[in-house]
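Each structure below appears as structure tokens.
In the two assemblies presented below, chain A is common to both, partnered first by chain B and then by chain C.
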Partner chain A sequence: MTLFLQQTINGLAVGSSYAIFAMGFGLVFATMGILNVAHGTYATWGAILALAAFDSLGVPLVPALAIGMAGGGLLGVLVDQLGFEPIRRRGGGLLGPIITSIGFWIILGQLAIIATGARIKTFPREALPRGFVRIGDLVIPYHQIITFAVALLLLLILYLFMMRTNIGAQMRAVGWDPDSAKISGVNPRRVVIVISFIAAATASVAGILSSISTNNVSFTVGEGLLLKGFAAVIIGGFGDLRGAYVGGILIGLAEVLGAQYISNSFRDFITFGLLIVVLLARPKGLMGDRIVGLRA
Partner chain B sequence: MAFLGHYASTVEFSIAFALFAIATYSALRGGILSLAGTPMAAVTGFVSLALVEDHNVPIELVLVAGVVVGLLSGLLVSIPLARLESHWVALATIALVLMARVVVLNLDSVTGGVDGAPITRMVEQWHLFTALGAVMWVMARHSRSRLGLAAEAVRSHPDVAASLAIDVYGTRRSLWMLSGAIAGLAGVVYASLVQFLSPDTFYVNIAFVMLAAVVLGGNRHWFGGIVGAFVFTILPEILRRFLTQGETIVNGVLLILIMIYLPRGLVDPTRKVRRELKKQATNIHSGHGEPSAGGEQEGEADLWSLNLTGRTAPEAEPTRDRPAALSVEGIRKTYGGLVAISDLTFTVPEGSVFGIVGPNGAGKSTLLSVMSGGDESDRGKIRILGQDMTGWKQTDIAREGVARTYQTVQLFDDLTVVENIMVGFDRERRTNFWDPVFMTPRDRRERADLAERARALMDLVGVIGQPDQYAATLSYANQRRVEIARALAMEPSVLLLDEPTAGMHKLGSQAIGELMLSLTDRGLTVVVIEHNLELVLNYCEQAIVMDFGRLLAQGAPADCLSDPTVIEAYFGRKADAARIESLVKLRQHSGGQQR
Partner chain C sequence: MTRIRLLVLALALALVAAACGDGDSEATTATTAAPATTTTAAPTTTTAAQTTTTAAQTTTTTEAMEEPVAGLAPGNYQFGFTAVVSGAVAFAGVPHLQGLQLAEREINETGYLGDGVTIEFLVEDAGGDQAAAIAINDAYIANDDVLALVCCALSSVAGAIQPNIVEAGLAWVDHAAIAPTITDPDNAFRSFPLSQPSTAAIAEAAVAAFAPDNAVVVVTADNDGLVSDRDATLGVLDSSGIEVLGVIDTFADDTDMSGPATEAISMGADVIFLAQLGNTEVLMVQELRDRGYAGPIVGNLAIATAETWEQAGDTLLGTVLPIAFFAGKGDPMVQDFAAKYEAAYDTVPDIFAAQGWQVAWFMAQALKNGGEGTREAVLEGVRQIQTMETVFGTLTWDARGEATIDAWTFVQWSPDGELVIWDGSAEGLLPNINQ
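Coming up: the complex of A and B.
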């Protein structure tokens, strides 16, 4: 029983970083219709920038993480304005943005390899909050608690942002129908920039958190998150922040518990098998394709 | 081959990647955004490992085995995925790519697991060139074959394809199998070239990059994928002489530039035509040039007067003794809270022209779509030719002889006029996949035959334009005529026309009216939605008037339109009432003269 609880906690922690990534990835897919293959590289670059600020510039940890997050966010805006904006103006469909994002995926991935010298770097152990909480026989490291808390907090903040603020309403409007939104006085370009920033910044947060818990800052950070985040979005339903969150958590749990009780090497198989089943049974995800929960 | 020199290995890999790219293209041309070529290649790659290393099978046989295994895996994948729409196919096939890697990792007795396994290179250059040559031959022969036309139709307008009795799923399944066969070949070739297989050999990298290569090269022509694959392989290789790392960045940059400046890729058969159309459009906007893309030109319209006979519809006969070609019983259709059609009942007598009139938003087009199976009604019955077709699939209704046109023209822009019409012949075509590949006499005869009949249909409906001209370059009115010709190619018993004369000159409209009458001579039943009341009065034997989804009146057009409720509810103003009055008189006058 202790083992089960312990593994459940591990699963929740792993799933939380997937969930954070998935929320941003899903937001872009739902509002702009872009299946962004380059989204994982934002996570990679968020982690690389945070580490660089901390290591090379000597910035204290927390501001360094903020720099990583903001840097990743700006990268997202840059990619959107350089690559996706021209296609959007032309009315580019599904294929065009995917191909463009593959282009950025190649470029940003290669640059990340060059920047890290193709080596795995780590945040210095002593700089991170060490220690753990002990509840009975259960041991919960701080970084797991932080990851879990950050994910929940981000879900709450983003949800309230989408549902309660004016710009959030504009984002939902653009997601429903960009043309009608424009007629109603929404500036779609500004909305798109805000979405790109939020999505890429949350990807960076996921990248930073998962690189801390796995002691791995390298070009591989984003790849893993992209594939899992993508599965999370499909399982949860891409139009709903809560769906992406639930999808991410479910995948984390399935992965860790599957590895424990079924087969370690087949753990990804469980994730992606689940994904195919969901695709066939409920093609729009467990939570459907509603944009952030509310249907007008 | 010595002449390849320093780049021999680069060219060899380019060929392998070209095969991957063509596999991706084969699916994409039917609108299937699939990355499944890579996992299918993984299957044959590891099959070839076993055949070559453990069983010493000759490479020629291994290549054939690759094609067969690939084809079967394509069929297998198509069973669940052919149902999904393109967004979801993309997602599901990415999932397949990821799952394939896990399987490879775990079947370590066959695949070598995480350590990978070496494989002896058995393919020689002549194998590579032969394989690529054979695949290119098949692609070229199928670019405008029965399958090629059906794929184009399914890609650009799946609904329209279904309304033309094309088996949408069947076409997609064939494309999945073709894509699988080519990917299978690619898997064997690639495995032999890399000489080492690991779980990462067939992974996201190849999947994404090969999709990108197809779009870079041009996804509207089979040659595009080959160009893309060669560019993607050779360009970094050249740069490698100057750079120590990051040479593939050039591919990323190139990809983004192409997507911005040449979104249809390097190879685009319609580029010239598109450029000219764009120029014309700008000229119209700035007030120069001829408005050929808009309404009908005066000169063109004059041609019509040559063939007009002045014939009009016969007086309505009592419907009792004529069988109904089509009957609608209590049809209701709602969208959310909006009632588009409310409990509509009427019958269309066989062999007549039947008009549907009503203001915009009256539910006319929805009704047409329900009758043709494009939309399903909430309740009520549709009987066509004596059969209850309620809830039937669009393809099946089309197969029973119901053809339609659309309010906004739905032609296949990447096909020529004749090819567009030939799509309508699909149901009666008998050639299979191999006929065009082996250039059988049957294939040649069928193509020549159908092209000839398509040209005859062009003449029948009076398309002004060249048979080999891209449909998108015709004027709007002529595009409408091509659409009618395409519907007639199905040799339907019931023809549903949605505003066939929109954008046409007066004489052109009259010609359409006379065409409808001549079709009824051959036993066809024509149902036509029309705003042009003169046309309805002159050519329809019976009509209904709709408003807000309800039936306002039915019967002979003149009676319908002079019905006080119709005039009041629909036309409102007195001026219109007076105009209808005069139209009705004119019609009675000319009708009397004829008799």
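Coming up: the complex of A and C.
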């Protein structure tokens, strides 16, 4: 039983990283209709910028992480305005943005390789939260608690932001129908910039937390998050922040518990098998029919 | 607005180009900074033509320069090198290339192959990708100026390029991949000692030192070389009557080891053996220690780099590993190489740098033995190398082209971040953070 609970905690922590990433990924997908495969690079660059601020500029850890988050967010805005906005104005459909995002994925990935020298960079271990909480036989490292708490907090903040603020309402309106939103006085471009920033900053948070958990800042940070984040959005339902969160947690649990009780060799088979089962049973995702969140 | 976007895009592209340019200029700087003084780090060899090792064969390369090299006409002789300076294995590929290029400069500047004779390693980065590596080596094969090939850092890549190279018939020297199936007496050789004997050797030492009742083995299951290491460990455990509580599979691109570490700890093993690739092993050690595992860990050279210590710090204490090279070794050849490497790159050489250094000297020796700049001569020159004094120690090649070492060194991390000798005893193992 202890082993099951311990692995469940591990699954929740891993899933929380996926959930954070998926919330931003789903936000762009739901509101702008863009399957942005460059989204993983925002996670990578968030981690790299946070480390650079801490290591090179001597900024204390927490502000450095905020710089990484903000830097990742600005990168998302830059990519959107350089790459996606011209296509949006021309009504480029689905394929154009995907190809554009592949281009940015490659460029930003290569720049990350250059920035890191293709090596693994690390925060000084003494700067990171070490140690763990013991509850009976259970061991919960601080970084897992932080990841889990940040995921829940982000879900709450983003959900309230979307549901209780004026700009959140505008974002939902643009996601539902940009033309109608425009007629109603919404400035779609401004809304898109806000969405791009929030989504990329959220991805950066996932990248930063993942890097801190493993003390591993490299150009591959976002790669692992991308596929799992995509699967989480599909499983949870891409129109709902809560769905993305639940999808991420489910994938984390399926991965870790599947590896423990079935086989680690079947880990990805289990994850993406779950994706296919959900797609067959509920094509809109687990929470896709609830029409809450982005599309309320 | 469109102009501004184009301007920003052009600026971004220019930055990319400039960054690439910076990489080149760093290499150039390193070239000029490389010392060309003493050459005691140069390996000495015994060839088939010289069946016994004599005093003459242990001379410095400066003296060798004064000896005429029969048949080797002045000119530049090229080899094709497949690098991995991007991708998940760049942690090894970057020092590989640096070690190789340092040796290349020294070979040329000291005139090791004779007046006016230089070698050049053509370098292409495959990033650990099999298809890219096949394309790169096919291009090398099609280039008549390329006399022999040097590759790989990954066993999976070595397996992918093997058929075409064996078919082409030119000499191929593996400088770092550890799959036992790579070498071939016809034309595929290895310039460094294979790790499986070291895995077995340290497993035997660990069994003798810690007298465990049971053990857990963790492996990177999608890497042939590490699967072979796993099998070597399991063989020792089996023959020693140690119960294997479980073998845990992980994968090369894993980024989270919390689950496998939890599983390993839950089994209650007396000793945990790791046969993992690169960063996955570093992450595994961290997770095991951070979660309270207090027993000995037996790892491999994946945790032997300076970056490893920066990443994992004192969680590495109490972990032992076998290694053919480490810069703290007192051997004069090692110290000379370490000093040159540090002068050139401002960092201490690790095992990967030594592998790059070694293969460059190995190829130079093959060319020297062959006596002329043809693929056939270089292949014959490789075959003639029987023993070589290297930074790894004395290497001896068998008929299959496999290098063996006279003695392995077991090391562990010390609290001040240095690799130090583990004497093979339980008392000699430094306490870990959970003791």
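By our rule, the second predicted complex is superposed on the first by the 288 of 296 C-alpha atoms of A that agree within 3 Å, B and C clash if a C-alpha of one lies under 4 Å from a C-alpha of the other, contacts with A are read in each partner's own complex, and residues count from 1 in each chain.
By our rule, a residue touches a chain if its C-beta (ideal position, glycine included) is under 8 Å from a C-beta of that chain, and two chains touch if they have at least 3 such contacts.
Worth saying up front: this structure is predicted, and the values here are computed from it rather than measured.
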Looking at A:Val139, would you say it contacts chain B, chain C, both, or neither? Reply first, second, both or neither.
second
Quick one: is A:Leu95 in contact with chain B, with chain C, with both, or with neither? Answer first, second, both or neither.
first
Which partner does A:Ala13 reach: the first (chain B), the second (chain C), both, or neither?
second
Applying the document's definition of touch, where does A:Ala231 land relative to chain B and chain C: first, second, both, or neither?
first
With the two complexes superposed on chain A, say which partner A:Pro63 touches: chain B (first), chain C (second), both, or neither.
neither
Using the superposition on chain A described above, determine whether A:Leu111 touches chain B (first), chain C (second), both, or neither.
both
Which partner does A:Ser210 reach: the first (chain B), the second (chain C), both, or neither?
second
So in the superposed three-chain picture, is A:Ile87 touching just chain B, just chain C, both, or none of them (first/second/both/neither)?
first
State whether A:Phe272 touches chain B only (first), chain C only (second), both chains, or neither.
first
In chain A, both chain B and chain C touch residues 82, 86, 107, 110-111, 113-114, 118, 223, 263, 265
Which residues of chain C touch chain A once you look at their complex with the stated criterion?
2, 5, 8-9, 12, 15-16, 19-20, 23, 85-88, 90-91, 93-94, 221, 248-251, 253, 255-260, 262-263, 266, 279, 282-283, 286, 290-292, 307, 310-314
With touch defined as at the start, can you tell me which chain B residues reach chain A in the complex?
33, 80, 84-88, 90-92, 94-96, 98-99, 101-103, 105-106, 204, 208-209, 211-212, 215-216, 219, 245-246, 248-249, 251-256, 259-260, 263
Report the residues of chain A in contact with chain C in the complex, numbered from low to high.
2-3, 6-7, 10-11, 13-14, 78, 81-82, 86, 107, 110-111, 113-114, 117-120, 122, 125-126, 130, 132, 139, 141, 144, 210, 213-216, 218, 220-221, 223-224, 255-256, 259-260, 263-265
Contact residues on chain A for chain B in the complex?
35, 37, 82-83, 86-87, 90, 92, 94-96, 98-100, 102-107, 110-111, 113-114, 118, 223, 227, 230-231, 234, 263, 265-266, 268-269, 272-273, 275-276, 279-280, 283
